[in-house]
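Each of the next two complexes has chain A plus one more chain, namely chain B in the first and chain C in the second.
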Partner chain A sequence: MQPGTRAPARGATSRRATSPWVLMAPSTIVYALVLLAPIASVVALSLQGFDFGRGILPRWDLANYVDLATDPLFHEVLARTFRVAAIVTAICLAIGVPEAWIMHRMAPRWRGLMLLVVLGPLLVSVVVRTFGWMVLLGSNGLVNQALEAIGVPGAPFRMMFTEFAIVLGLVHVMVPLVVLTVWASLGRLDPALGRAAESLGAATFTVFRRVVLPNIMPGVLGGALMVFCLSASAFATPAMLGGRRLKVVASMAYNEFLNTLNWPLGAAIATLLLAAILLATLLWTRFVERRALRRLGVAA
Partner chain B sequence: MRKLWLAALAAMAVAAPAAAQQRLVVAAYGGSYERIMREAAIPEFERANNVRVDYLAGNSSDSLARLQAQRGRQEIGVVLLDDGPMAQAIALGFCQRVADREALDSLYPIAVMGEGRALGTGFGFTGIAYNSELFRQRGLAPPQSWADLGRPEFRRRLAVPGIDNTYGVHTLVMMARINGGGEREIAPGFRAMRERVNPNVLAYESSPGKMSELFQSGEIWLAVWGSSRVAAMKEAGFPLEIVRPREGAVVLMTATCAVEGAPNSDLAQKFVAHLVSPAVQAAFAAQYGSGPTNRHVQLPPDIAGRVIYGEAQVRELVSLDWTAINASRTEWTRRWQREVER
Partner chain C sequence: MTRNGPLALAFHVLFVLFMAAPLLVVVAVSFTGKGYLALPFDGVSLRWWRAFAANTDFLASFWVSLRLGMVSATLSAAIAIPAALAIVRRRFPGRDALAAMLVSPLMIPHVVLGVALLRFLSGFGLAGSFLGLVAAHLVVVTPYMVRLVAAGLTSLDSRLERAAESLGAGRFTVFRRVTLPLIMPGVAGGWILAFITSFDELTVSLFLASPSQTPLPVRLFTYIDQMTDPMVASVSAALILLTAVTLVVLDRFYPIDRLLTGERRA
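Coming up: the complex of A and B.
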């Protein structure tokens, strides 16, 4: 603390105080333009009215939201969306976490190959992937043919246009996301921890459950959140594998925009979906993630 | 490097007159329809008028949604829609009056919509399409009536387009008509759809691509569909037949109009007239199976036998009251989603 160094130090501080803002400005502007502005205009649109003969009405009220709040169909669709998302998330965790752990323990030359296999679904276009499932799951499809050939009673089963098909299609593409996030956590895990547990007599499964799993929890929870959000807002897979009968919120919004042309109602549906997902995310980080991290001693 | 830039600039200056060529955006159906447009209708028009035509493929509801999205600053110059959505487009004020009197007068009166704001480009009909080979193998009698959609042996073997689609609207209205209702009395139609047809429906499918896929994989045996879609699949070698049910098949006209407030409106008007000219109409009759709307079109006998040819044949088909339908379509869509599509 010499007097001579003070003045330049203060200059550096003020520069240090403004430079984060200056540096952030480009990305802030981009986000404001490509993310916030569209969302704001969707919300604004959701407050307007619609008439089949006259188009969008210049009216500002909450009529669309009142409509949806009292609409049993919307309740059913909302419940289905979140039920499917929850089931998909659970299954993805059950498959993805052990998968990442097993791959992590593989010999390095196999690891790269297996990672490519796991990422495969992400490399295929959603339309092709979904058409593939349509071919497999149809009542004359390969799965049913196989089941009939081995004499499973009750075959052929009805699989296309069911929630089962939607869940299957979504799990197929979402598992890699869990594997990747867990993989990243495993990379940060000190291998000595596992060996220490083993040297103290823990079996492999106990090591996984008591040592590895708590440490990779941030990855597991982050992956779960990602899968949940993407499943809840998924459009193409539910629309193609579930058909028009099994609507989800995203396909309902699509219908209002492109078929009924009732954009304001579609915007209201989209806004509610966004709000519901945001709420689920906040609750998740608030109650589940923070608690898990606190157990790890990461967060205060 | 500097020289390269100069050369590039010079090249651009030379290319500029070509770029100044006028553009016309046409929004119309995709699939086989687009191919025929690009082969039989667009090149000649481009040459004759020194214009470039940009084709925006989509079904009627997509194109109508685009018009609505761009209301006030239209980019689409000419739009092609099914007659129902076209009636709505006219009601929404998207269509200019057709300026070409000669084109207007060459059409059958039935093909002129909204006091000359839109022109029919082709006649087809909605009927019941079925896989003839599968029906023969299983010893099933081909459907003959709209009521046959409810035959118990078709359980989960039927596809019906959704109400967003003109074929779906036709199905609903015909179910109402054969059960004592109609466009203004739709309740019997909903009841019949809910109680008799819905158990047979494997999927409500509006997309022609997915409908073909359902037929090809053998998932469905029959569907409510359009004559030209069936013609296209037959052309590709699939054993598909379409029946005109005994209560009547429903006429489905494709129609076109020049969009109000779009740039190059004179070109748009010319293109509309071009689409109903005998040459283009004959090409669509031969390749798309759509009946000509122009009275002066002469078709060779083999093609004439395959399409709806002449006003007398159009009159044999059932035509619907689109004013009544469009007035209640929002409510029908609501009811359909809640009562039928379950």
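Coming up: the complex of A and C.
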């Protein structure tokens, strides 16, 4: 137990209580061992060399990063990963925010059921959900059958193993998260606010755009960041719907680790992915979310 | 507030259809009698459900996932409850940083977590062991646990604890008899969410699995990678139906939005 930490906290229990350090110890030890140390070891590994005959080489340099920086295949994979993540985020916002708003306005009787249908898939394995899209998008799958039946020219289309399939699968995986975060912010919204705007003669869409949207903006932006990061680091959906040819950063790291067995190069790819995600998070919370809060009049 | 217009309802129907379509298709195609994945088909058959029931690999994986989910959710509760107590109730230096650390696995790509743990655990000969999978899943599920327990603690009236104390209850007795029962809904919700998250986890497990310790999503993923016969559909359909039944039963006690956010329904 450390000195100086036993002062009773204000607003908590009135007498001397267990030190917060004792309470934090189990989780901190687990995280240090299973999260921080492994990540440090993988960053260290990314600085080492590799030889197909001799395995991991005991040298320390940036050779893996130089290799990646000059590898056109990696550039292509990197561009695809962030392009897909950006498109998925945009689509999820475009359909997820209105859906949360519509559900918010439903009669409570329907709401519970609809929440189950819309949020329930979050609790079904991504492998299962993506498999569903494999069945739907195949060359004689239901989507192509439907397109042919209504006489769309050019049908059947090749949809499996395209970026379109990856985007569609990822939107299905991610959009409930947008609905969820927006739904939660709508729940915190004072219903009198919307009614006041309506009583002053605002149309439904105006109420949404001018009153509701600015208030739920923090939730929308938080959801957007989460979807972008999860899409950029997604593995299962791109691997299953993109096939072996359309790689993303996550599946490239996987490939280096479990197929090529060049662990140091795989570690460098993983480190870059982690750095990109952390950077995106930092920039987003610093510039975009803070501005939205300021517009709401919250000092940040 | 005004009700949704016809345009909004049409949008909603399309949205629900989009969410449900891949799941419904999987359940439907699992009843085919054909040897390949095709819809529509004629004649309902249990051929692939029987194939699934006779497949010892998939059944073994089911038990691995079940054990893994229960062990990691329970251990997660053991470390998350004290941590949430400290974070919600106390002020101490480094509190914000530790709170951020506790939920950080939500933002860390699972591929990164997977390669990091494979590298680290193989140094101790733990890659491919049940213990290694438990350690990995513990970190993956704990953010959910912390979030739900913390939400429960925030809404708890601390006067109840002080009342117990003033009546002479010891520190641990107050926790066991007053605090814990009152935050039990949060703990239970966190446990369920942690279990489901662990049961569904693919990417981290993929790096740490071994032939004898293969969780179900890993088994399914590697099977689909080799071939896609309708047995994949019957396994997937079983998982969908299991989740659906769990959610419908659970919804009576724990509405899904509360389960996922820890907040009360609006």
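The definition used in the following text is that the second predicted complex is superposed on the first by the 271 of 300 C-alpha atoms of A that agree within 3 Å, B and C clash if a C-alpha of one lies under 4 Å from a C-alpha of the other, contacts with A are read in each partner's own complex, and residues count from 1 in each chain.
The criterion applied here is as follows: a residue touches a chain if its C-beta (ideal position, glycine included) is under 8 Å from a C-beta of that chain, and two chains touch if they have at least 3 such contacts.
Everything quoted here is computed from the prediction, not taken from an experiment.
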Q: Tell me which of chain B and chain C touches more residues of chain A.
A: C
Q) Is A:R109 touching the first partner chain B, the second partner chain C, both, or neither of them? A) neither
(Q) Contact-wise, after the overlay, does A:L258 reach chain B, chain C, both or neither (first, second, both, neither)? (A) both
Q. Regarding the shared-chain residue A:L273, is it in contact with chain B (first), chain C (second), both, or neither?
A. second
Q. Does the superposition put A:V135 against chain B (first), chain C (second), both, or neither?
A. both
Q) Do chain B and chain C touch any of the same residues on chain A, and if so, which? A) 131, 134-135, 138, 140-141, 240, 257-258, 263
Q) Contact residues on chain A for chain B in the complex? A) 52-56, 72-73, 131, 134-135, 138-141, 158, 160-161, 240, 243-245, 247, 255, 257-263
Q) Which of the residues in chain C come into contact with chain A in the complex? A) 1-5, 8-9, 11-12, 15-16, 18-23, 25-26, 29, 37-39, 78-80, 82-83, 85-87, 89-92, 95, 98, 101-102, 104-121, 123, 135-136, 138-139, 142, 146, 158, 161-162, 165, 171, 174, 196, 199-200, 202-203, 206-207, 216-217, 220-221, 224, 228, 232-233, 236, 239-240, 243-244, 246-248, 251, 255-257, 260-261, 263-266
Q) Of all residues in chain A, which touch chain C in the complex? A) 5, 9-15, 17-18, 20-24, 26-28, 30-31, 33-35, 37-39, 41-42, 45, 95, 98-99, 102-107, 112, 114-136, 138, 140-142, 145, 172, 175-176, 180, 183-184, 186-189, 191, 194-195, 198, 204, 226, 229, 232-233, 235-236, 240, 250, 253-254, 257-258, 263, 266-267, 270-271, 273-274, 277-278, 281
Q. Can you name the residues of chain B that touch chain A in the complex?
A. 61-62, 64-65, 68, 71, 88, 91-92, 156, 162, 164, 202-206, 210, 213, 217-219, 326-327, 329-330, 333, 337-338, 341-342
